[in-house]
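Next come two complexes, and both contain chain A; in the first it sits with chain B, in the second with chain C.
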Partner chain A sequence: MRAEEVAGKLREALGPKALRLETPTERRVFLTVAVEDLEDAVRAVLGLSREARFMTISAVDEGLDLELLYHVDVGGTVVTVRIKVPKEEMEVLDISHLAPAAEFIEREIRDLFGLEFVGLKPEKLYTPEGYEEKPLKKPMEGALPPQARPMAEALMGSACSVSVSRAVMRKRQDLGLPAMPPMAMAKPEALEEVRSLAEEVGFTERAGYDLEKKRLRYR
Partner chain B sequence: MVKYGVFLGCFIPFRYPCVEAAIRKVLDALGADYTILAGYTCCPEPMLTRLVDPDLWLMLAARNLALAEEQGVEELVVPCCGCYESLYEAEHALEDEEKRDQVNQVLSKLGHEYKGTVRVECLTGILYRDFMSKLEEMVSRPFRARVAIHYCCHLFRPRPGEDIWLKHDRSRDLVRSMGAEVLRYKLERFCCGFPAFQVDPEFSLRERLAPKLASMRAVGAECVVTACMACITQFERGQVMLRRYGMRYDMPVLHPVELVALAIGVEPGELGLEVHRSPVPQLVKRIYGS
Partner chain C sequence: MAGTKEQLVLLYDPARCTGCRYCELACSYKHYGVLDFGKARRHVIFDPEHVLFEAVQCGHCEEPVCASVCPTEALKKDEETGWVLINPMRCIGCRSCVVSCPAGVPWFDEELKVAVKCDFCDGDPWCAKYCSAQAIQVMPREEALELMRRIYGV
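The block that comes next holds the complex of A and B.
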């Protein structure tokens, strides 16, 4: 089965759950889904053909997220289901009930990265009992160097690079100036514009800025 | 008459309202047609933001420029050299039509468009270019002090074909015409150390700020004048921090527009100079006796 055909069938089966479908070559398909849609995605891929065969899972520590790549051979075309598990959660569904061979690699990933597979049997595979280090897990770090983090949070939080104190606002009034200058921070809709622009240019994702919590995901 | 828009930035309103007061009083006294830009964000600051995420930097700077155009501004007057660099570099980058189209595609979702009609200029350059003769006539209380000018690194951004020293020469001539004696101290081009402070405060203070202050003191400077708010912060905060290394300078630090305001007769009490962390009020008292 060729990549385009596979992609078409997956698009049909998963609908909007298929966040991204790429076919870089005739025999390669990448399917990106949300963590909660993993089971549906793997089921759809395995259901493409009776010859579909689970191969393995690759884990990549990206600093803030753990990327998991589930590789399945579908009649000579390799389909990879890609998910990103935020390190704040570090939990994903075990798929060994769909593909029993996944159990070994899931246990290995758990031993080396500390990722929990919900439903997976607790025995270790790779590291000795009593050894609790996760040797391949990197520190929770994003792209911004420490010096740039306060600036990034200030920009996203108030669109201003300095903090505002009541004393300065009083001083401004003493000088006959408006307590608050006409900056974006004085208008919620202007601040929202700034966050939209940051999201639009991909800054929030690149920098690891959580728009809901209004802070970077790391210190 | 040119319609000016003043881009106050972040440091001026929230750290140095004395500079904002001086800007407003000087422009009012000159009868300039100006507005304070509304709805603006941080320029954004030209070092960390531009290095770390050039896309975000350009987008926010373009939004500021678009706001200026929407508010009828012809020249965006920037009192801080750091903001000037950021906005001027953005103006320059957006001369590329492809880049401008990309930026406008995003801005248009929020109802903005950058057309490229507004021109970015530094405040000292505007005061020199458009108001010099008027200012000279208005000097009623010359600022009689020996001044060392710190020509901020960010100001070395000439327009195509422009002399790289033009803005600095204008700053010097402006300060001189206010009655000050401008001293040469040999380390004019030396960075104050503010950027390095983010990474290595001790290096920034001992290897950048201290030699600069020492050379200023060696030629008899009574104060530092610089138009960059980051540099003012470095000179003022840095002098306090240098005391821990046994170095004490007590050098007042002013923005040129404060000096202009004082020279044209604005009362020191109207400027709130006590906001400075260096002995500016003492210097002013010595010069004007009040």
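The block that comes next holds the complex of A and C.
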């Protein structure tokens, strides 16, 4: 089965759950799904053909997220289901009930990265009992160096790299001026535009800025 | 975006090579700051049968096998420049690229624990820059292919 055919069938089976489908070569398919849709995606891939065979899972620590890549061989075409687990959660569903061979890999990933697989048996596979270190887990760090982090937060919070302090506001009022100078942060629509721009150019993702919590995901 | 034909590649002309291996030293110095043949990302070997030198270097293939076997997409071909590059932060050291490359270009760095290969020195390859015999040249892919056909008669 060729990549395009596989991608077409997956698009049909998963609909909007398939966030991204890529076919870089004629025998390779990358399917990106949300963490909660992993089971459906793996079931859809394994159901593509009777020859579908679970190969392995690769884990990549990206600093803020842990990327898991589930590789399945479908008649000579490798289909990779990709999910990104945020390090704040570090929990994902075990798929060994769909592919029993996944159990060993999941236990290895749990031992080496500290990712918890819900439903997986608790025995260790790789590291000795009593050893609680996670040797391949990287620190929770984003792309921004420490000195740039306060500025990035100020920029996203107020659309200015330097925010107006309460002391400055008081001083402005003493002088008979409005507390807030005419700048972007005074207008919610301008602030929203800055945020949407930051999202569009990929700043929020690369810098690891949480738009809901309005702060960086790391300190 | 530059077309495939205009993308720059390295051309090695064995007839001009003197076998000084200065390219290997330049490569290892550029990437590791040391003069070590073992750390070079390209190699020159001697072929006694034809009394010629031959180079093992990355051709930045149009359809790179190393990139297609990489399980984590750490190895990718830059569509703009045409260079096949490894992202060391994504490489998990599985060595799939090492065994799959038909030319044996990528190798596993035991110290860094990742695969490494020619990165075209960000557009200014030191091997070509320091080749006194000008056996290594940087040129567009189409021109290089034409010369290769002439050199190897294929």
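The rule is short, and it goes like this: the second predicted complex is superposed on the first by the 217 of 219 C-alpha atoms of A that agree within 3 Å, B and C clash if a C-alpha of one lies under 4 Å from a C-alpha of the other, contacts with A are read in each partner's own complex, and residues count from 1 in each chain.
Criterion: a residue touches a chain if its C-beta (ideal position, glycine included) is under 8 Å from a C-beta of that chain, and two chains touch if they have at least 3 such contacts.
Please read these numbers as outputs of a predicted model, since none were measured by experiment.
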When the two structures are overlaid on chain A, which partner does A:Arg2 contact: first (chain B), second (chain C), both, or neither? neither
Chain A: partner with more touched residues, chain B or chain C: B
Scan A:Arg11 for contacts with chain B and chain C and give back first, second, both or neither. neither
Touching partner for A:Thr25 - first (chain B), second (chain C), both, neither: second
If we overlay the two complexes on their shared chain A, which of chain B and chain C does A:Thr80 touch? Say first, second, both or neither. second
With both complexes overlaid on chain A, does A:Glu62 touch chain B (first), chain C (second), both or neither? second
For A:Arg215 in the superposed arrangement: first (chain B), second (chain C), both or neither? neither
Does chain B (first) or chain C (second) touch A:Val168, or do both, or does neither? first
Output check: A:His71 vs chain B and chain C. Expected answer is one of first, second, both, neither. What do you get? second
Intersection of chain A interface sets (partners chain B, chain C): none
The residues of chain A that touch chain C in their complex are 24-25, 27-28, 30, 56, 58-60, 62, 67, 69, 71, 80
Which of the residues in chain C end up touching chain A in this complex? 63, 67-68, 71-74, 89-90, 92, 94
Enumerate the contact residues on chain B facing chain A in the complex. 8, 10-11, 13-15, 17-18, 20-21, 24, 36-42, 44-45, 48-49, 51-53, 55-56, 59-60, 63, 106-107, 109-110, 198-199, 270-272, 275
Residue set of chain A touching chain B in the complex reads 143-145, 147-148, 151-152, 154-155, 159-165, 168, 171-172, 174-177, 181-184, 187, 190, 193-194, 196-198, 200-203, 206-207
